[in-house]
Structure formats: C-alpha cells, structure tokens
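Look at the two complexes coming up: chain A is in both, with chain B in one and chain C in the other.
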Partner chain A sequence: MAKSTSSSPAQTTVVQTLWKAYNDQTPDRLKFVDAFLFFLMLSGVVQFAYCVLVTNFPFNAFLAGFSSTVGQFVLTASLRSQVNPENKDEFKEVSPERAFADYVLGSIVLHFFVFNFLG
Partner chain B sequence: MILPLVPFLLLSFAAILHAKSSTGDSVLVVLEPSLDQNFSVFFDGLRARGYDLTFRAPKALTPAIIKDDVPSFSHVILFAPETKSFAQDISPQSLVQLLSLRTNLLIALSQKQTPLSSLAAEFSLVLPPPGTPVISHFPERDTPASIFPVDVSASNPILSSTKAPVWYSGISHSLGNNPLLVPILRAPVESFATDSSDDSGAPSIADAAEKGGEGLWAGGNMGLVTGFQATNGARITWVGGVSVFSDEFANKEVIKGKPSGNAAFSQDVAAWTFQETLVLRIDETTHHKVNETTPLSQYTTNDVVTYTAHISGWDSGKATWLPYSGLKDIQLEFTMLDPHVRTALPPVKGSPGTYSTTFRVPDRHGVFKFVIDYKRKGLTALQSSTTVPVVPPRHDGYPRFLSAAWPYYVGAISTSIGFILFSTIWLGGDVREMKKGKTSKTE
Partner chain C sequence: MMLLGALILLAPLVHASVLTLQSPRFTITSTNASQARAEPISLVKKASPPLSLGPTDTLKITFQVIEKDSGNGVQPHQTFLRFFDEVSQEEGIQPLRVNSAGKAKFELNMAKPPLSLPPTSKDPLKVTLIIGSHLHSPLKVELFDLHVPASHPPPQHPDEASFHPLPVIQHTFRPDQKLPPTTISAAFSALVLAPWVVLLGLWAKISPRVPRLFSPSIVPFVATLTAFEVLLFWYWIELKLGQVLLYGAILAIPTVFAGKQALVSIGQQRLRQK
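Let's look at the complex of A and B:
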C-alpha cells in the first residue's frame, strides 16, 4: 500500500480522475443503481465470508441468501445497462419503463424462489 | 388326582397339597434292584414336598418314559449307575428327547462304563477312565479315603439350605467349557482320582502333578455334582456317586453331634433339578415414550423411551408365581444387528417384579429390537425381544429456523427490502426528476 501510494503518484491521479469523471458524467439515476449494486455486493461478500469462516449449515439458507444477492445484482445490472442513455442504440425497442417492468417481474420471481428455499 | 394309583404314596398322602415344582409333580424313579443302599430319607423328603413317585427297574418295560412322543412324567430320576443294558425305551437318545420335551433329569453315575457315562460326554462332562474313584486323605477321619466330607460353598444359591459338609463317595469329572453347565458341588482341593486307594502309586501322582501332566484328575477344578440347563429351560443334573442321596450318608455325622448336610443337599439338588428353585420368567414387557403411557408402533430418532419388564419367580412354598425383584445386573439392549444402546435395567423401588429404564433412542433409523438376554448360571435364562421401527422425523419435525443461519435470513430479507425501497424511490420521483433534468441537460 505504502509502496503504491509513494512510488506511483500517476496511479493515484488515474483513480482520482476516474472517480471525478464518474461523479461528473454519470446520471444520478445510474449512481442510485450503482449504490444498490454496491450494497448487494457487500451483502453477498459478507454471507460468503460467514459461510466459509463460520458455518455453511443450513446450506439451503446459505444458497437462498447468497443467490438472492447474486440474482438481484444480475437483474439490477441488466436494468442499469438497459436504462443507460449511452446504450440507447443497443436497446432501441426497450423503453426504460419496459426495462423496469421486466426488472420488477424478474425480481419478484427471484424472491419467490428465495423465500421458499430459505427455511 | 392320580395318587390312588400309586400305593407307595399312601403314607405321605396328607402332605400333598400342591405340586411344588413349576413344571409338574410326577416323578419316575428308575432304581437299580441291586442297589443295596436305601434312599428312604431322600424319597420321603420328595414325597413330603408334594412329589408323586413312581418306581421302575431299569429293565422293566412299564411304565414307559415317553409315550407317543409325550413324556409320561415331569421328572425322571435315574439311580441305575451300574446298569449296562436298559429296557429299550431308556436310551441316550430318548433321554435327550425327554430333555428337549422339557422333562428334568437327575442322573447318578458310577466308576463303571455304562450308556449313561457315555451320554455325560455329550453334556461336556469329561469322566475319568473306568475304575478311578475320587479319594481324599483330608480331613483326618475314620472312614476310608474314598468316603470324604465336602464343604459346601455358602454363596451357591442352589444349595441355600445346605449348611453342613456333605459326605461323598464316587467319581469326579472335569467340566468342559459349555456355558450351559452349572457346577453345583466341586471336589475338595485335596482330592484326586486314582485307581487304587492304598497310595502305592502316590509318587507317580505327585510327579504328574508337578509336571501338570495329562491324565491328572485332582483338585478343586473337578466337579462332583454338576447341573446342565438346556436352552429350553429343562434341567439335568449329573451326580458322580449315588450314595450322596443314601440314608447311610444322611445319618452319618461329620462332626460329632452334628448331622451331615446330605439330606438337605439332596433335597436342594432335586429342587433345583425339578425347577422348584431359581426359576424365573418374563411376564410382560412394555415400552412407551417418557411421560406417556401408550406404546407407540414406531419411534422417532432421539425420542426418549421408557422400557419396563415384569419378571416373576416361582415360589415353591406357595406353589405360585410371585413378582421377583432380586435381579440386580439385568441389562437391556436396543439393537439393530449390533446393540446401539446397552443399559442397566434396574428393579423399580416400591413396585415388586418391575424393572424399568429410560434411554434416548439413537440418532439412527431402522428396525430396532428391545432385547433382554439374561443368562446366569443356575437361573432360568430370560429372553425377550420386541421389534420396533425407528423412523427419522417427519418433514415438519425439524426446527424451521436456526440461529446459525440468521446472516443468510438477514441477507435475503435485506435484499427484498432493498428491492422494494429501490423500486419505490425509482418510481417515486426524485431521482427520476433529477435524472430527467440531467439527461435533458446532457442532451
């Protein structure tokens, strides 16, 4: 850590530039999606660490909890790519409303399975 | 009932009220005519205790001991130690058949080779060569060396009423390792079997003793009177010398002024042989979950189960079965091929004849058995087996939510709440408006 910060100021500037560009250029709506994605990732990491370090019993509960975060992450990420204005050309026939409706439907199905599998 | 048929018994008529044995009161005595000894003390004792004696010579044809495969008598006494040829219906085969039909046998042996001494080998008794009686020079006394007193072990439950030493004359035998054998009277440690009583061969016997040589018949490991309890409960007793039962020995004093123990000993031996004493049975066994009373047709793994057995002992005094709580070392096994649980089955205080234990059914499903297998020397073998299936819990028999899984539950619930919040805010406006504003700006 110390090495990277002291020896390569160029790297630090790269990260700073990236963070600045993200703050300036990303729409608030996508930032909001990113915050949710970050929360899901954190939740998944915590559950996986608990499974590895403490116990994987009951395993079905681990699978349900972990796959709910992973599944929600995938669904949210695909929502993000569909509503991103920069991808407009790729999703010509998918309006943001349609994308959100798909997302909600997929999420509800996901949660249905998760809660059935949890107990 | 059948008493008037038997003129012998008229004298003891008044004494007969019940059969004292648990299996019946008719006794056939096969008595050798040449036997000059008198057994009136022994036979009168039997009659006084309610037995119905019928006498027969070894070569007489009637009464038959087995008729149409049904034994004619409950017990048979064979006091024919020197008879070489019996009537056709008395053969080693028919005696074994009697035993398997639950008839009890009391058989006297002698130093002569007879069909009965060959039969003894089938019961794991190893007899000495013919013509070698057991003798003892101790203690010092005025009788020949072949007639000696034997101390009776006080701890032997079979000989509970025999207090004084017992006069003995006859042969000894060594015991095989058959677990059904019940030693009743052991030879004194100073005794040995020899073919001459004048001690001319003493040095060679001493030599053989030092070398632990083959053919040495000496010491306290030899048996004089030995019982054998068949797996069906029938009992057979082998006596090395018929004179143990004789009037002469019963009236002969061991110590001056004190009668010998022979009279009591012969009654004790007959009582055990004829299944009067040390006869037990399991009346009933029950099992149920603890704190319940009705037996279940199947149990679930890890259930706590109470098992109860009711055991009775035959009381010859009252001629009835009474609850018996005297067994301290009985065990219960819960087996599926192997015993998964083996636990003590102690008597319940305040409830005679009841033995009960509570244990946890193992965490293993399958077809289990409650097994009591109680075999002790001299006692009736107690065996009981009850089959019960043990099943795993039903699908709703497990705990639903476990504390160890709370991180996963929290993860799943927080994802759902996050999704709802996300959707609400997405639809609710602020971000949408801002985003719209921004996008319009960027556009």
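Let's look at the complex of A and C:
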C-alpha cells in the first residue's frame, strides 16, 4: 500500500515524495476506500498475531474473523481498481455502479460464509 | 382302564430294557506284589480306600453286561471308560471291547499308559463306566476313584493365549482446549478493536461527502443492505441455514430492485456531471 512508511533514512525523501503525491493526487473517495483497506489489513494482522502468539482455540472464530478481513480486502481492492478514474480505459465495460453492485453481492456472500463459520 | 392295561403289558418290556453288571471286579497286580489288591466292584458304593497304582502296576477290570431281568449277557453298542480329573477338568475316554456274551476286560498298565489316560496330577481320577445300547436304557456306573502317578502337566493349547478377556480399552482424549487468561484476552480484544479507531479517525479526516445518501432513491438500497447484514447477524444468533436461505431469497428481490434504482440514479447523475 502506498501509505506504508519505511524507517530507513536513505529512503525517507522518496517515501515523503510518494506520500505527498498520494495526498495531493488521490480523490477523496479513493482515500476513503484506502482507509478501509488499511483498517482491514491492521485488523487481519492483529487477528493473525493472536492466533500465532496466544491460541487458535475457537478456531472457527479465527477462521471467520481472519477470512472476513482477507475476503473483504480482496473485494474492496477490486472495487477500488474498478472505480479508479485512472483505470477507466482498462474497465471500459464496467461502470462504477456495476462495480459497486458486484462489490455488494460479493460482500453479502462473504458475510454469509463468515457468519456460517462463526458458529 | 385301557391305559392301565397297556401299561401292565408294557411293564415287562420296560423292565427287560434295564442293564446291569454282573461280577464286576478289579485286580491290581504289581511287579513287586506289594500293593496287590483284588476286590469286587460295588455298583452303589465306591471302593474305599481309593485305588492306587504305582508306576509299574497293572489294573485289570472285568465285568459282564447282563439284562437285569433275564440275566442274559448283552453286547451293548457302546461301552466306554471315562477317566475324569475333577480338579483339572481333564478327561480321557477309553472304548472297551465287549464280546457277544457281554463279557469285557480292560487292562491299564501304568508302564505303558494308554493315550486315553488324561494328564494326571496327585488328584484322583474318577472312573466311570458308560454303556449305551439302543435296545436298553443307558447305564452309567461310577466305579471307583483311582490314584495314578502324576504325569507331565498337560501341554498348553497353542490358541490358549488368544482366548482370554482382553484388558478394558481405555480411551484417551485430547484435553479440552482452554481459553487464555482474561487479561490476555482483554488486551487482544482491545488490540483487535484498535483498527476501528484508526478507520474512524481516517474517515473523519477524509470526511467524504455523501450528499445523496439519504435521497429517496438511495435509502431503500441502504435499508435492504442493512437488512441483509441484520439477517446474517440473526443467522449467527439463532436462525437455521434453511431459514436464512429462505429469508435471504425473499429479501433479495426488493434489494435487486432498490439497488437497480439507486445505482441507475447515481449513474445518471454521474453522466450529467460529465
């Protein structure tokens, strides 16, 4: 993800430039989606860390939680790439509305499976 | 009256069918003649003291099978001597040869014991005479108890080891998994919820404009989507799979129409803005 920062001093300026460009050139709507993606990533990482470090005991709960973050991330990322105005040439057939409808359908199916696993 | 007459007619027949032994005798001869013993066998009382054979002694049994009524010698169809050790439950059956006059003779030479003699210990063998004939009632006579020198212990049957009750199967189960301590659970719960703070903070910072979220063309779609999420949450709480699929299928119909309406209106607005 573009927002991730590196602590290496040699790359600091590069990262700063990248961050500035992202902030200036990205539409708010895509930033909104990116914030959600970042949230999903953090959430998934914490759940996975809990599974590895502490216990996977309610394994179905772990599966449900982790797969919901991963699945939602994938769906959201594909939505973002389809509604990004810069990708308009690649998705000529897919209007943003169509992309959102796909996203909604995919999310409902995903949530169905997630709640199924939750037991 | 008829029945009684028939019984009276039958009585001699029944009586004639009983067998008995005449002058049954045993004789023990010994090479050194020390234990020699010769006595008639009583059919009602066992010989006392019990017979005892040394390693080189010979036991001889003689008797005649007769009809009790007529006293005629009878050759029964089957005549056996049974040696039975009541302690070890070992037994041996020795067929006897009876001649047509009903006379029989059996010799047990302990120097050459017959195969029918069971493995013996210091416990006495119970010797029984069993006579079977299809013309007569069967006869079973307990002759005497017999002490013989102990033999080798009986060989173990090759399958003996397999025919014992197996030890009770003890199932071992994996111990129940335990939840981690409350503090750790609480800490990680807070950690898992922390991204929500990040998300809400970022969204607050971006503060996207949603001017048409509550317009009449959009609200039904949002409402039906919310209903779907509530339905799935309800599924988690108590619903069964079939119910969820049914309700979901019903809810899908308005959702499709509401979604089409909402997305078409948004699309038209987008095209107007161009």
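Quick notes on this one:
Here is the rule we go by: the second predicted complex is superposed on the first by the 109 of 119 C-alpha atoms of A that agree within 3 Å, B and C clash if a C-alpha of one lies under 4 Å from a C-alpha of the other, contacts with A are read in each partner's own complex, and residues count from 1 in each chain.
Rule of thumb we're sticking to: a contact is a pair of C-beta atoms (placed from the backbone, for glycine too) under 8 Å apart; a residue touches a chain by one contact, two chains touch by 3 or more.
Just so you know, these numbers come straight off a predicted model, no measurement behind them.
In the superposed pair of complexes, A:F38 makes contact with chain C only, with no contact to chain B. In the superposition on chain A, A:S68 makes contact with chain B only, while chain C stays out of contact range. Once the two complexes are laid over each other on the shared chain, residue contacts for A:P85 go to chain B alone; chain C is not touched. Once the two complexes are laid over each other on the shared chain, residue contacts for A:V46 go to chain B and to chain C alike.
Comparing the two complexes, residues 28-29, 32, 36, 39-40, 43, 46-47, 50, 54-55, 57, 65, 100, 104, 111, 115, 118-119 of chain A contact chain B in one case and chain C in the other. The touching residues of chain B, counted against chain A in their complex, run 400-402, 404-405, 407-412, 414-416, 418-419, 422-423, 425-427, 431-432, 434-435, 438-439, 442. Across the complex, chain B is touched by residues 27-30, 32, 36, 39-40, 43-44, 46-47, 50, 54-55, 57-58, 61-62, 64-66, 68-69, 72, 76, 85, 100, 104, 107, 111, 114-115, 118-119 of chain A. Looking at the complex, you find that chain C touches chain A at residues 177-180, 184, 188, 191-192, 194-196, 198-199, 202-203, 206-209, 225, 228-229, 232-233, 235-236, 241, 244, 248, 259, 263-264, 266-267, 270. Partner chain C is touched in their complex by these residues of chain A: 28-29, 31-32, 35-36, 38-40, 42-43, 46-47, 50, 54-55, 57, 65, 95-98, 100-101, 104, 108, 111-112, 115-116, 118-119.
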